[in-house]
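Structure provided below as structure tokens; questions to follow.
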Amino acid sequence: MRTRRQILPGLLSLALFGMGVSGAVSDVHAEARAPAAVVATTGMIGDLARRLGGECFAVHTLMSPGVDPHQYRPAAQDIRHFQRAELVLYNGLGLEGQLGSVLAQLGKLTPTLPVAEEALAAAESAGQDLAITSDPHVWMDVGLWQGAIDAVAKKLAQVRPDCRETLTERAADLTRRFEALDQWIGERVNSIPESQRVLVTAHDAFAYYGRAYDIEVRGIQGISTTAEAGVADIRETAAVLVEREVPAIFIESTINPRTVEAVRSAASSDGHPVVLGGTLYGDALGEADGPAGDYIGMMRTNTHRIVEALGGRLPDDG
Amino acid sequence: MTDLLISPAVAIVLTGMLVGAAGALLGVFLVLRGNSMLSDAISHAILFGIAIAWLLTGATSGPVQIFGAALSGVLAVFLIESVVRTRRVRQDAAIGLVFPALFSLGVVLLNVFARDVHLDEHTVLLGEIGFVWLDQLTIAGWVLPRSVVTLAVILAMDALFITLFYKALKLATFDPELARTLGFMPTLLFYGLLSLVSGTAVAAFDAVGVVLFICFVIVPPAAAYLMTDRLGVMLFLAVAMATASAPLGYISAMALNVSIAGMMALATGGFLILALTFGPRHGLLARRARRRRLTDQPTEGTSSA
Amino acid sequence: MDRSANSPPLHEPDLALHVEDLTVTYGERPALWDIDLDIPPGVLAGIIGPNGAGKSTLIRAILDLVRRSAGHVRLFGRPYRAQRLRVGYVPQRSSVDWEFPTSALDVVTMGLYGELGWWRRPGRSERDRALRALEQVGLEGLADRQISELSGGQQQRVFIARALVQQADIYFLDEPMAGVDATTERAIIDLLRDLRDAGRTAIVVHHDLQTVRSYFDWLILMNRRVIAQGPVERVYTADNLRRTYGGQVALLDTGHDPAAL
Amino acid sequence: MIPLLSDPTLQTVAIGTALLGVMSGVLGSFAVLRRESLLGDTLSHAALPGVCLGFMLTGARSLTALMAGALVTAMLAAFAMVLLVRYTRLKTDAALGIALGLFFALGVVLLTHIQATGNAAQAGLDAFLFGQAAALSRADLLPMGSVGLVAVGLVVLLWKPLKLLTFDPEYAAAIGLPVRALELLITLLVALTVVVGLQLVGVVLMTAMVIAPAAAARQWCASLHGMVIVAALFGAASGVLGGGLSALTPGLSTGPVIVLVASVLALGSLFFAPRRGLVPAWWRQGHRLSRTSSDRVLETVYQLACEHGSGRYRVEEGAVDAYHGMTTAAILTSLSDRGLLEAVEHMPDEGRHWRLTNAGMSYAATRAGRPDEVLGT
């Protein structure tokens, strides 16, 4: 007995097929000169593409500020952006989880580029010894991240050959600015007294930063945010703070601050007052209009807060 | 996008319909047996299977992980049944004892052994219907989304099991003791059903995520249960509502720019509310109408038990 | 449904039901102890005893629904496994969920599922046999009625029709008269009498002592062990009733019951 | 290293989880007995939409707003479940599943809506559902303590009506108790416990804390007040033990360890609880075995033979086991070694059978004080 209600959904699904199929077909014939659609998963990659691509490309970033890549759930329109994308830039090395391995396969249909893996490959070919290879947070080392500029620029040029000159020009300019940034961070972090140069955060996002700028890094819990800290993790981290007399500990923008607060109070109650050194931007950029709205801004803000809280010197030009 | 056989929109909706049909088909028997919460238990037990599969093989994704996850679903069901068999704990408490323990064991194992490896449910199971069309494979020259292929096979297996054992399942669900006296093996059937639920669950988690699967297994069968008194019609209605929820969910998700799986799940909720109010016999309106008729002619009332 | 030709040799084939040394334990205490029963064919037998006497357990042990610690059961000389299709079972009404989406006719057809085996679907002939069984219990008008809309008495008669449809030789009924109205009770007992007159055997767990003498021609009084069994007029005595219902019954004359620690 | 016991972090975690353990033990007992043990699971998932609404309304991640939102949607889910069970033929498990699935789906929808609007303050919003037990702070103890006091206080205050409601709702309604109000009160208290516990220990732990302590206590006590007290103790013990264990080595996340401790307690109770435990039953059997002399077993065989009127009566071993409530194989073999019994076949039974030898018969007869009576062969 098919009641009236059952026939209705059947009709609806037929209508949908028509709309879905036609939607995809009309986009392909869009005017070539319009900016090529590029999709970037993380804010850092989106910023890189935007700075290189300029008006030739329309870059859509999936993970908006404050969104933890491990907990990212796409909204419906994100799918449409993916459909229309002529290039997909993603981080790789497991940051996006299973989506990353799926995107790797997408390469057959649409050009994709694992930016973090490219950065590591560039560094390897330049003879750098890479201590860490499985950690996806490559953008934390400006020097390494810089390696990805040329790979991204080349990929963008393949999509829009007519923008090749502006791309190489912007790539060179960006490389210079990254080098300056890399240097600036190195000096600033170096100004922190050796003994208390310990960066404690909620999860291990800053390993590359520590290796590149010679600062010891400790995360309270493992790499993936779904792991949960134990009391021993809290006590052990607090003990390090007390032992090394580290003045500050940092919250991350995408992580629940409870574990950091627990370590801070554990260390303080043990006779060594520790201060919250402000919010660092680990896995995502800050507010678009805020100081950490773009990659360079993010790295400067992070460094600024780390150096200031840990007792380093910040010349006024900072 | 290059020449895809099926446009992403169709791939997403098709995957949703396949999961809906498979989930609802098995869900009818789970709801009638009073085991609907097993679907939630299986979804949490998966992490334990992932941890064990990684410890044994080091794989962070791929078929061995999928198999490990399905196996841990069946393990959870077996442990729940053994706890219930001691007759000291009821089934709902047994479910609530077993799956948190398995989940926690999984978390501790991952935390201790895989501390620096990127491994959790997200790395093994995609669990996002929005991206199913990205994952293609070619069969005999046809480029098809992998999830559509796997789910079509799973749906076929579920449908085959249900049609083949329809009589035995019906009797074993209604009156397990009589089934045993007539020579059927209700416990064996039950384990067969739940292994299929576990396998379907893992494939569904990979394609659409936990939430949508649990909704498809419980909500359409419950809605159908309120609309009919025939098992065959209940199966048909449950599958129909589940498959209809996929396109409805997709359209509303696109309109509101929210999670597609989430809206598909809410669409099944919409059907439930429809069934609740307009259900021919058990709906609220029908019930109120019958009560009004009773008060008009008090003598001729049918005593419904 | 193993109709294997090489079933075990006949043992007391002339008896409808032969039970020897049957013992069943729940946890640490025997629920049934050293039960010996011999029931001739063509009788309407009642099983009576206090609550916890193991009446239901006895039937379920005979039907292999409960594991036996000791002893064996023979129906017409063969174990239950080989006689499945000749046995009709009417469980307690409370053992199923009557909200299950099915009709009265459907439930009765389920009685034939054993005969049909795993694969064959019930066809026209099965439906007719089920309809005839419903007529026997006077419910042919309610064939398509959803079972939750039947009264207690009607549900009980559907269960009986489900056993009748098998045209079995021996029927086990677990408290069929519990919680049914007087008219249904009379209809059920008339049915059982027709079965007996047709040479079938019916074994009924019963609780209402007033009706024992008029309903049954064979009687078993038990309280975890058999106190007495035989024709009603011989065993339905004040002494047997006192020994059956007089509280805890010693399993053996050794005076103590070691299992009851 | 700071000595373990005086360590402030461990103290806070121990106190906090102990408090939570008491609350979930007390209320869990009612949930388990009312066959709504998975209420904790459903309400934990149903809190997500509330958390999102709380965030969307206040635009910031203020704790009170999120918890208030979580409580509201958890209660709505509980209310929907109760309505479904009362006004339709759906049973509790289906109603729980529906409430869980649909409310969690709504939560995911709202979450993606917030993510799409790119509001940076949303960081770690759904991490709210995956609490960090180890990250308990002193500031959390006060609200938890007060909520706990209110919940347990109400249960003590309304003890008799709640007890009657749990065991015999029909009778409670018959004598005029406001059954519906009481049912909603219990569900509200469980929801309160879940919401308070949720962001401290997370969804899965809350599900376990509502069930494991109560299920464990159920094996030790027959009375409700006994069960509730023991459940509270088990809950507190799981918290303290779990916290302590996870303080030993890094990497042991506190929440899951607490769940494992609670599960071990429950499993242990299943096996070792004196009255209902499986092991004490085996122990009683062993104890009985040591106290039961072989003469007693011989007497059983002899009595059975007398009852069956023939000395040659073959007794099945299973029957002797059943009578003595233990496995008597060893004793029977020792008796046959002494020539008092002999093993025999007794078709068509499957089990082994024993029969008195002549020597056995006379020995048993003299012991039974009837030396002259020799049974027919």
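All chains are identified by letter, namely A, B, C and D, in their written order; residue positions are counted from 1 within each chain.
Criterion: a residue touches a chain if its C-beta (ideal position, glycine included) is under 8 Å from a C-beta of that chain, and two chains touch if they have at least 3 such contacts.
Note that the structure is predicted; figures quoted are calculated from it, not measured.
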A-B compared against B-C, more contacting pairs: A-B
Chain whose Cα centroid lies nearest the overall Cα centroid: B
Chain centre separation (subunit A, subunit B; CA means) in Å: 35
Whole-Å gap separating subunit B and subunit C, where each centre is the average of the chain's CA atoms: 39
Euclidean distance of C-alpha centroids - subunit A vs subunit C, Å: 72
Chain centre separation in whole Å, for subunit D relative to subunit B (CA means): 26
Residue numbers of subunit B (touch at least two other chains): 107, 111, 115, 225, 233, 256-259, 263
Residues of subunit C touching at least two other chains: 148
Multi-partner residues of subunit D (each touching 2 or more other chains): 89, 108, 111-113, 116, 251-253, 255-257
Arrangement of touching chains [line / ring / star / complete / other]: other
Interchain contacts (touch definition) - all pairs: A-B, A-D, B-C, B-D, C-D
Subunit D residues within the subunit B interface of the complex: 32, 35-38, 40-41, 87-94, 96-98, 100-102, 104-106, 108-113, 116, 204-205, 207-208, 210-212, 214-215, 218-219, 251-253, 255-257, 259-260, 263, 266-267, 270, 276, 278
Sites on subunit B touched by subunit D in the complex: 31, 34-37, 39-40, 44, 83, 86, 88-90, 92-93, 95-97, 99-101, 103-105, 107-108, 111-112, 115, 211-212, 214-215, 217-219, 222, 225-226, 256-259, 261-263, 265-266, 268-269, 272, 276, 282, 284, 287
In the complex, subunit B residues that touch subunit C: 32, 164-168, 170-171, 173-175, 177-184, 225, 228-231, 233-234, 281, 302-305
Residue numbers on subunit C that touch subunit B, as the complex places them: 1-2, 60, 63-65, 84, 87, 89, 91, 95-98, 100-103, 107, 110, 113-114, 116, 118-119, 121-122, 146, 148-152, 155, 162
Footprint of subunit A on subunit B - complex, ascending: 1-2, 4, 7-10, 12-13, 17, 60-61, 107, 110-111, 114-128, 130-131, 134-136, 206, 227, 233, 237, 240-241, 243-248, 250-251, 253-254, 256-260, 263, 274, 278, 280
